Every structure is written in structure tokens, then in C-alpha cells.
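You will see two complexes here that share chain A, one where it goes with chain B and one where it goes with chain C.
Up next, the complex of A and B:
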């Protein structure tokens, strides 16, 4: 990992960490009324408090990994935070896939019904998912360095 | 001692007053319950959201809610709810487009209004019941005790063509003994243009045995209802009232098309991203293995 890559990683994951932290706080606040929505983002469900805790942890891990980002232990923190996002977002996506196949009263859903299952709103973790994939680049880079 | 005694006595009188007030309030509340429950022991309707009927009463915008109609009739019964929904649909079918575009819908005056004028509304009902009568009279301003600037028209013409002129409760109850689903038809007309829309309640809105049970329970025809039949009618009555309060128009009335839901563009985009993402992931992992 060269200096530019390290600098980019530091800024990128600092911003991502701050955003994750903000989403975590928002989810934590949303646990009081039980649900909250903002545009196409929705925070609801019985696991909302747990998801809030996970997002807060993600935020802390990303932010704490920023200093001396190229160091393997620091990078590991960012990787761990990304994996946490992948697990939560993966579950949310899987729930959608599973729910999109059967119809309300039939075995299989209509095309419109199938696609409507993937329509907004989405949970905050799903918004963070594509941005968290940047860590894969750094994992590959680290692998090359080790080789 | 006297002073103490008088204090004790004076302490009793407020208690008495409180007791009397409480008794009066209890009596009043039971009176309200009896008025609210058209069907003895009927449960309160569920939560519902119904838009008010908005009309122009001689230049004054009037909002009529289902609660207004219910209060005028004394309760929100099946017929009141059905009549209210039928009026809503009829007015929107005839005046709807003009209301939406903001055209002058008042043909009798030059004033620009956005709502149907009361004097331009004619309702011809096939249903001879006090509940529907009170609703239609409230909307057209033709009922007793209503202070309105203008009046529309309201008639009851039975399915066999007989006009019911005597709209007293006693006569309507007598005429309504043989009500069938065929009575649940209403013509909502615009007097100035002669346009009419016939609102017809769909088959299946009323349970199959509803009218038979009604005859038995309310009029003892052909024989008095058993306790089981009374309980069954009560639950069917509640269910039908709730259906009229909560179901969309296309589930209640003939000739109303269910609005098509727009194509889920957001869902299609997300699904595409998901498929592309998974494809890339698979491609990358296969490439890694090949190396």
C-alpha cells in the first residue's frame, strides 16, 4: 500500500465511519418510537436496537482504524467493520429475496410483485454496503504486499 | 360541638353533590351507548380513514364527514355507511374530473367553485331505510332540522318503480322488510347536465344469509330468530359496517376499476444492481480460482 492509497483509505473510512456512527445513533433514537423513516431509508423491525449497536460499533471500528491505516492491525479493524455491515445488509437482502418469490395467495409472485419486493425503503446497512466493499481493494493490496 | 356537627354536615353535602353528578353522568353515558349501538351490543367500528364529502352550499364550502352523518342519524349503521360511500363515489364519478382540473362546476351561477353545488345534486335511492335516508337528506340538505342555504333533491324509488313518498321511520321500516341486495343501488345525478352515475353495491359485500337473518331478527319473518341467529346477525352486521368503512371503492361497488400500481422502478433498479453485483462477485471468485 503506497502513501496515496493510505491517505485515501484514511479519509474514505473516516467519512464512512462518521456516516455509520450517525446512522447508528439514528437507529438508536428510532428504537424509542419503534420505527423512523427518512426519504427512502427506513429504520424498523424487532432487531432495531441490535442493529443500532452494530452500526455504532461499525462507526467506532472504522474511525479507530484511520490512524496508521496501512498497519495490518488497523486494517483488520476496518475489515471487521465491513464484515459486520455485510452480515447485517446480507440478512436484509436475503429476507427480500426470500420474500419476493412466493405470492400473497399463490405459490409464485407476479413480476410486478417480485420487483416491488425490492423497492425502497431500505435499511441504513444496505446503503453502507456498496461503500464498505472498498475494503476488498485494501485486502487484496495487503495480500500482494505479504506475497 | 355544634360547630363540629355543622362542619360534618357541610362536608356531607359536597359528597352528595358528587354522587348525584356521578349518577347523572352514568345515566347520560348509558343513554349515549344506547344511541350509538344501533345493533344491541354491537362493537365500535375499527379505525378508519374516510375523506369528507365537500360541497358548495350557496357559496359556502361545506365538509360533510361520516361522523356528521352518523350523529344526524344517531349511529353509524350499515345503511348510513353504505350511503355515505355511495355518495362519495357518485359525486367523484360525475364531478371528479372537473374538481381535479378546477373548472367551474356551478352551472347555475357564474361563480367559480371547485366542488359540486348542493342544489345541483339529485340522489335517487332504491333503499328504503332510515339510515340511508338520513345520509342522503344530510347531503342534499332536504332533511328535517338542517339549516342549509340551498337544497338538492332526494327520492326513494324502489326497484319495482314505486316511489316512497312517506319517508317516516315507521313507513321505511315497514317497506324495508323485504330488502335484498337489489335495494343497494343509488343514482347520483347532476341536475344541470342530466348526467347520472348508478352506484351498485357488489355481490359478496353482504354475507349470503344477511337479508334472511335480518328479516328474522328485526321483523320475526317467517319466524322469530333464535339466540344463535341473533348473534350471527350481529357479527355479520358489524362485519358489513366495517367493510363499508374500511374497504376501497373497487371492492364495494360495481364498475370501479382497481387503480393499477405503477411499475416498481426502484425495485427493478435495486434488483438489477443486486444481480450485477452478484455476477461480478462470482466472476471475480472464478477468476481468482483460475489463477
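Up next, the complex of A and C:
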């Protein structure tokens, strides 16, 4: 990757890491009452403490990857952090899919019920998901360098 | 030639100690392998991150979270709660109740469809398959309504992790912890496999080098690792207790492993394990593994669950269950703090643990047990005896001395650990 890409990566993942860390702290605090919501963001569920730990780790991984970002071991930390977000957000999406198919009174959900299952609120990891996808560009760039 | 002579000279001194063996390997590799300059790829760097404790543990937490959450959503939300409960409770059970000959109170009907239960002295029909306890109702519901989906979800994720190459890295990561109880990091593979079914888990202990390690591993698997079927039913019945149940079992696994390591004679040597590079799993491999494992599981589970329903039903009908409850009831109540009705699930647990936990569900529905008694009973069911299929395999894999040792450990563990849980409950004021 060139210098501009490296610089952009450093700033981008530093910001993303800070946001992930803040979300992680918020989830950790939310474990005390058991749930918390902020606008269309909701933090709840029996796995909340575990998700908080994962999100805090994601934040640390991103932040620690910033220095010398182009170096492959540093980049790997950002990749790992993104994969962790994909796991948690992927499960959140899967939970909505699983809940949206069966109906309450009928075998299958109605179209309205199906669509309503995907309405907000969302967990913090789902907000981070699209931003974490930027790492794919750097993975492809790294692949080109190896070739 | 010089190398061959040197190896010959070293090998003459058999048996080599572990350190001598490693020295020999190093000498051979130094003279035979050429290491060129090689740039680390992203894959290599990620592979390193997943085995270093500081970065590997958070990754392991994320992976296990993904594993467990997928399992709950796939088996619980989508299939069991979404479709199967409705299919069995609203259609299958009422249909059988209406067409099966005999009716409530008839012994054959009770064995096959619905034993019913007493409400204010009157025998009433069950309205769900956990309570009915017939071979065609509870038996089929447990296997095809709950367990099948839990097993599918478990083996799907297990096969993906296996094919990606994550499991050997998890083994490296937990190696230090498992060495404290005399096991190698590889022990995580049979442990994980046992979370699907104890039978392949016990088989997977074969690569462990010494009898001591195999004995310890098999005993720990039989006592502290619930199978996927049992987990699926537990998740359906007591989802809010799952964290505590797993924590209690994990403490028992490590604590009892530590004690076994101290008292069982023998060595716990290192084993060399291949850690392959990360790779993309192929759909064909995943599907074939899923098919082999799930069909193998069903072949073992279906007959045992149906047989279990039949035996328990017969014991109820002949009064044998009441007699056993009267004999063992005081012991269960005083030592473990669970009601005498728990005798029936404990007996069914000899055949299938999932069936036994399902029976506890029936007792919960009837309001016979407090939440803490449910918790204690679930733990007791996990630790008191392996299911018949696992026991049969243990007979095959262990010699009679080891088998007796395993059984003695089981009995001691049930009384010590079960009593301890009751004691903790009394101290906390919940028992």
C-alpha cells in the first residue's frame, strides 16, 4: 500500500477503534441494569457482557494496529478486529432472520411481520459493521503486494 | 551418512527422554532442512495472533460467542420454537390423542402417546410433548423436534472451525491451562467433539499418548461435558441458567482434572500436533462431515430415546418408579436437595441425557421443582453417569481396571460435587 493509503488507514481505524471502544464501554455499563437504549441503538440480551468484552477487544485491536499500519502484523490486528465485528454483527443479523421467518399464530410470518423484524433498534456492532468492511480494501491491497 | 550414523547412535539409547527426542529432532532438521528468507503473509500474521494469549483469548471469546449464539438462534429460535413446538404440541399430539386406540388410562396408550398427569386427583391429558411421555410423542419430539436441530447447528459450526484450521490453534491457546491438569492442549478437540456427542469425543481420545491421559480425558468427558442433545434441551427449558450450568461444569472439569492428575499414576507427555495454515472450507467437505456425523448421531440416539421412553413408562406402570422414588427419595432430598420425583429422570439418564432433561421439563411444568432444584438436577444429570452409548464405548476403550476407576470417580464426584452444590445453595439461601 502507498503512503496515502497507509495514512488514511491509520486515521480511519484510529477513529473506528475509538468508537468501538466507546461502544464497548457503553455495553459494559449497560450490563449493570441489563439493558440500555440510545435512539435507534439498543444494548440488551443475555450475551451482553460477552459482547461488551468482544467490542472492547475490537477497540484495542484497531487502536494498536494504527502505528506502522502498513506492516503486515499490524494490519493483521485490524483484520482480526473486523472479523470479530463480522462475527457479532453477523449473529445479530442471523438472529433477526431466524426470528422473522416463523409467525406467531401461523406457520410463517406475514410480509408486514417479516419486514418489521428488521426495523430498529439495532445493536452497536451492526452500526460498526459497514465501517469495518473498509478493511477488505486493505486485505486486497496486501494480496496484490504479495503477488 | 554422518547424520545417519549420528541418528543411529542416538536411537540406540532407547527410550529417549522428551528433551533428548527434541534435541535429536533439532539436529536432524538443522542438517536436512534449509530455511530461506520468507516474508510473512497476512494469513501467517493472523495465525500468530490467534495463538498468542493476549490477542488469541479475545478472538476465542468472539468465536465461542458466535458458535453459541448461532446454535441458540438456529436450533432454538428458528426450528424448535419457530416450527417444531407448534407441529408437535398443536398438531401431532392432539391428532394422536384423538386417533390412537385405548385412551387416557390405557397402559398401551400411556406407553405410546400420553401417560397424563394427576390434577386434584383426576387424571388429565397432557397438552405438550414434554409432559406426555409417550414413545410417539415425547420420544419423537425430543429427537426430531429439539435434538436434531441442535446437533445440526453444532456439527455445522464445528466442521467449519475444523476446516478453517481454528481448532488446532485453540488447542495451542489452552495448552498451558490444560497442562495444569495433566492434559495436552489437544484435549480441547475431544472436549469440543463431546459437546456434540460424547461417543465421537471418547473415540477422539485415542491420539493421547498414555493410558493416564486417556483415562483422565474419558472420565472428564463422561462426567462434565454435556452433549449437544442435552444442551439443546437445556437451552429450551432453562435458557436463563445456561451460563451458571456451564460455569459449574467448567469448574468441575478443571478442579476434578487437577485432582485426577495428582492421584492417577502415569505420565502426561507432550504430543506433537500439526497446526495447518488457515484455509477456506469447501462446501462439499462441510456437507459430507455434517451428513456423516448427524446420521451417525441419529442412529445412536433414536433407538435409545424411544427405548428410554418405553422403559420409564413401564416402570411407572408397574410401580417400580414409585418404589425407587421411595427408596432413593430421602437420599436425593437430604444430600442433593432435589425432590424424589427426580428418580425417574435419573433412571432415564442411563439411556439418554436429553430424554432425562426433557423429563425434568415435565416436572417443571407441573411446578414440582424450585429453580435451584432444577439447576441442581440438571447438573446431577450431567455428572452422575454417561449415557448408555458412551458407557458401551468406554467398556471397549478402557480395560476393566480403568473402567472401575472411572465408575468409582463418577460415584465419588456425584456425591462430592452434588452435595457441594446443595451446600452452596443452602449458604446462599436458595436451596
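Assorted remarks:
Going forward, the second predicted complex is superposed on the first by the 147 of 147 C-alpha atoms of A that agree within 3 Å, B and C clash if a C-alpha of one lies under 4 Å from a C-alpha of the other, contacts with A are read in each partner's own complex, and residues count from 1 in each chain.
The definition used in the following text is that a residue touches a chain if its C-beta (ideal position, glycine included) is under 8 Å from a C-beta of that chain, and two chains touch if they have at least 3 such contacts.
Just so it is clear, the model here is predicted, and its values are computed rather than measured.
Aligning the shared chain A places chain B and chain C next to each other free of steric conflict. Touch criterion met: A:51 reaches chain C, while chain B stays clear of it. Contacts of A:120 after superposition: chain B is touched, whereas chain C is not reached. Counting residues of chain A touched by each partner, chain B versus chain C, the larger count belongs to C. In the superposition on chain A, contact of A:40 is made with chain B only, not with chain C. Of the two partner chains placed around the shared chain by superposition, chain B is the only one that A:93 touches, whereas chain C remains out of contact. When the two complexes are overlaid on their common chain A, residue A:75 makes contact with chain C while staying clear of chain B. The vertex angle at chain A, taken between the C-alpha centres of chain B and chain C once both structures are aligned on chain A, is 80 degrees to the nearest 10. Closest approach of chain B to chain C, taken over C-alpha atoms in the A-based superposition, is 10 Å. If you check the complex, the residues on chain B that touch chain A are 261, 263-264, 266-268, 270-271, 274, 277.
Partner chain C is touched in their complex by these residues of chain A: 46-47, 50-51, 53-54, 57, 61, 72-73, 75-77, 79-80, 83-84, 87-88, 90-91, 94-95, 98-99, 101-102, 107, 139, 142-143, 146. Of all residues in chain C, those touching chain A in their complex are 39-42, 44-46, 48-50, 55, 58-59, 61-63, 65-66, 68-70, 73-74, 77-78, 81-83, 86, 239-240, 242-243. Listing the residues of chain A that touch chain B in their complex gives 40, 93, 112, 115-120, 122, 130.
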